[in-house]
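Per-chain numbering from 1; labels A, B and C assigned in written order.
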């Protein structure tokens, strides 16, 4: 199975409002898939379908099929289980008001008490993977909120990695960060895709063209409902888009 | 290692426990209503409702006992009415001052004082009443000192913070634009207050007074100590009187049978009155929100 | 022009009336503090205050701050061995013992008008005064003993013809206040009916023998003279006067001393401990229940009938007066559950009373938790409960604790809900079902049982200080929260 996620005929309603229409999409393994499109077109909403974070919202209704590793995410997985395998990094870094070490240990501790040795191993591994280890290895017990914005976001990534996910969902992960931190994180994404599958929602088209392998373009229709316009190889999308709307968006005619 | 199953079971169980804790409040209200009414209703098998409510003959120990609570109703009425009367000028002044004028130290001093006043237990007010208010009333107005008047004075001080809190919020909520409009037309500060601000916050102020009334009616300890506790029909505010709450507390220790039921019936009456007052407050605030 | 004046007056009035609120608070707190710290009761005394016997010996005592004077009659009783404990004199439960230096026995016996043998028979220890005395000792010596305080003896009494103190119509004079005494002595009060006695002219007589002959006559004599005259058969009456007891009221030892005989003697130590136990237990009951309810309302309940009904129920509960909670507690905990007047009945009643406060303040605290933290936790695979336990509750800790502290402040001063639930035993509470007097109840009972009002104020001061401390603690916590 090369597709980590298979989505067929997905529709989502917030109460009576139709928010996502007929989305068909596959997300390939060990790649970076980017969701682009103007604001309000449902990219983030769709992202949250993938780890069932929409379950938390009152009045949300979903139809269609979403398969993770070939199995339906509602029928076959418990929400908790799914979220361990499909991690999420948020737009604004949200480390817990605890020490750096406790932040990373949070996930593993939910499943039992790892002994000190195993825990330190996890902490070092994930912080290295998030390329934060060298900066914080001497102050693991300091409060996570004392880190800079970029460092906090990398900590959140390390925290997600600590539970050994297969997929990492990122909801505009660099929009709240400065350009240098943004570059850091983009490089990180490219490094991480060797082991994990990354799905990133981004406002920033240049970012999408820089890092992603697959791009999906979303738009909103007259009924304020989001839908998928086209998806495919990033290079193709950017230089030879099939749909005129895609071409218009990419060349900046609207956005 | 905690399995997913265990964690889920904890989640389910925990959710049920939390729900039960939340439902406890509903259960308590229902149980209180149930128990009080259960004890109070049988009164009316032997005591006709008209006599209970409208007769001032309370003689439970007589050979032909009577259970008329009119004296207590009148005493409660006078005590709460007077306490509202005394408290309103001070409460409104504080509310206006805090909402419109207060800056810095004066404001925080006043606020702290009101918070402390709100925290003083009623027994302390009662003790203060006995030592200071009762002799004061005796010297200035004559009579025993222990009287409905003394009780009203103490109650007025006790409900001050309650009334101020809610009125202050309503007065503050009157928008700046409204006040600016008045001032721009050349009104003095007092004219703006009396003609624009107070009328606009009228419903909030009334709500605060009703809340104060509710507190005053339900107060027991303080009035017990300074009111005199004479179960007679009060003819003047300087008379010793007994409010509904005082009657319950005084007689409960030795009451039996119909006497005790009558006391619970009094409690029922109090309960109904206070619930109604709460609904009145909700109705007032809802109406003002619609406006 | 007129409206400018109206404006100025109105604004002045507003400021003035607001100031009155502050003044009221200061008045109340100040008065309670003053009465709590200084005794100012007037007690009836057989002897006239401030007039002391000339002694040719010293009376020393090792105990009880504030004991400076004894009445002649009390000293007589002590000499005869009729006093076994200091309880009735200083309220402290200490055994009494009398020591007399051998050389002082004669002078002492003479001034007391008692025979030496009777003093010996009464259990007084006569001999060299031991270096280390048992506490509660009274020592008669030739010189003052270092380390002990000396006591003076009041022995002047107001003696009257018996007719003065007879029942006159519906009245009878039982004692004279300070001002009344001054009036009589100065002559302003010319007839006894001005002080509640019979219609007889007040005439002073310096000869005690003459007193029994002249109706309406009175005189000031030493107790010894009075007793001697009575022994000789003269018909005389002793008119008590009011003495102001000055001195410290609430003292450190009163705070910690055990309560004896329903507060008549001893201190309020056990009562304070009982109060702390009740507070702790209330916290243990109302805390978890209230916080759990708040968690449910904020984290689980969806907008709808259930959430609304619970909210309304909480509002209703917070408006119900405490006497009704007390009645409910009486019916359910005391009678139905059979726990009688006990710590548990009272605690459960008060817990129900403060439940709305705890729930509301906890709700407010939980609302302030950043939702993105909750999302992060859930995204890592935590359950809702785990998120609440690890993230939400620690973050709202400060607000929740503040609410608990405020609720405790309310419960400490509660009386109406406890009168018929918690009992009035002054012993240290020894079990959930034992009767347990707490501070607020003690003040109430002290007042209604007609005991010393000084004691009531002492306890009241303690209660006020406790409440103030609790509220200040809560304020500090709240302010600290805002800074972080």
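Criterion: a contact is a pair of C-beta atoms (placed from the backbone, for glycine too) under 8 Å apart; a residue touches a chain by one contact, two chains touch by 3 or more.
Values in this document were obtained by computation on a predicted structure and should not be read as measured data.
Novice: Can you figure out the chain closest to the middle, judged by Cα centres?
Specialist: If one averages C-alpha positions chain by chain, the most central is B.
Novice: If you take the mean of the Cα atoms for each chain, which one ends up farthest from chain B?
Specialist: Checked the centroid distances; the maximum from chain B is A.
Novice: How many angstrom between the C-alpha centroids of chain C and chain B?
Specialist: That pair's centroid distance is 28 Å.
Novice: I'd like to verify one number: the distance from the centre of chain A to the centre of chain C, where each centre is the average of its C-alpha atoms, in whole angstrom.
Specialist: From the centre of chain A to the centre of chain C is 68 Å.
Novice: So, what's the distance in Å between the C-alpha centres of chain B and chain A?
Specialist: 56
Novice: Return the residues of chain A touching two or more other chains; collapse runs of consecutive numbers into ranges.
Specialist: 80-81, 110 - these are the residues of chain A that touch more than one other chain.
Novice: Give me the residue numbers in chain B that touch at least two other chains, ranges are fine.
Specialist: Where chain B meets two or more other chains at a single residue, that happens at 7-8.
Novice: Can you list the residues of chain C that touch 2 or more other chains?
Specialist: 383, 386
Novice: Going by the contact rule at the top, pick out the chain A residues touching chain B in the complex.
Specialist: So the residues of chain A touching chain B come out as 78, 80-81, 110-112.
Novice: Which positions of chain B touch chain C when the two form their complex?
Specialist: 7-8, 10-11, 14-15, 17-19, 21-26, 28-29, 31-32, 35-36, 39, 89-90, 93-94, 96-98, 101, 109-110, 113-117, 119-128, 130-132, 157, 160, 164, 188-191, 193-194, 214-215, 217-221, 225, 245, 248-249, 252-253, 264, 267, 270-271, 274-275, 277-278
Novice: Could you please specify the touching residues of chain C with respect to chain B in the complex?
Specialist: The contact residues of chain C facing chain B are 3-4, 6-7, 10-11, 13-18, 20-22, 24-29, 31-32, 35, 288-290, 292-293, 295-297, 300-301, 309-310, 313-317, 319-325, 327-328, 330-332, 352, 355-356, 359, 383-386, 409-410, 412-416, 419-420, 440, 443-444, 447-448, 453, 456-457, 460, 463-464, 467-468, 470-471, 475.
Novice: Along chain B, where are the residues that touch chain A in the complex?
Specialist: Listed in rising order, the residues of chain B that touch chain A are 1-2, 4, 7-8.
Novice: Report the residues of chain A in contact with chain C in the complex, numbered from low to high.
Specialist: Its residues touching chain C are 51, 53, 56, 58, 80-81, 83-84, 87-88, 90, 92, 94-97, 106-107, 110, 156, 159-160, 163.
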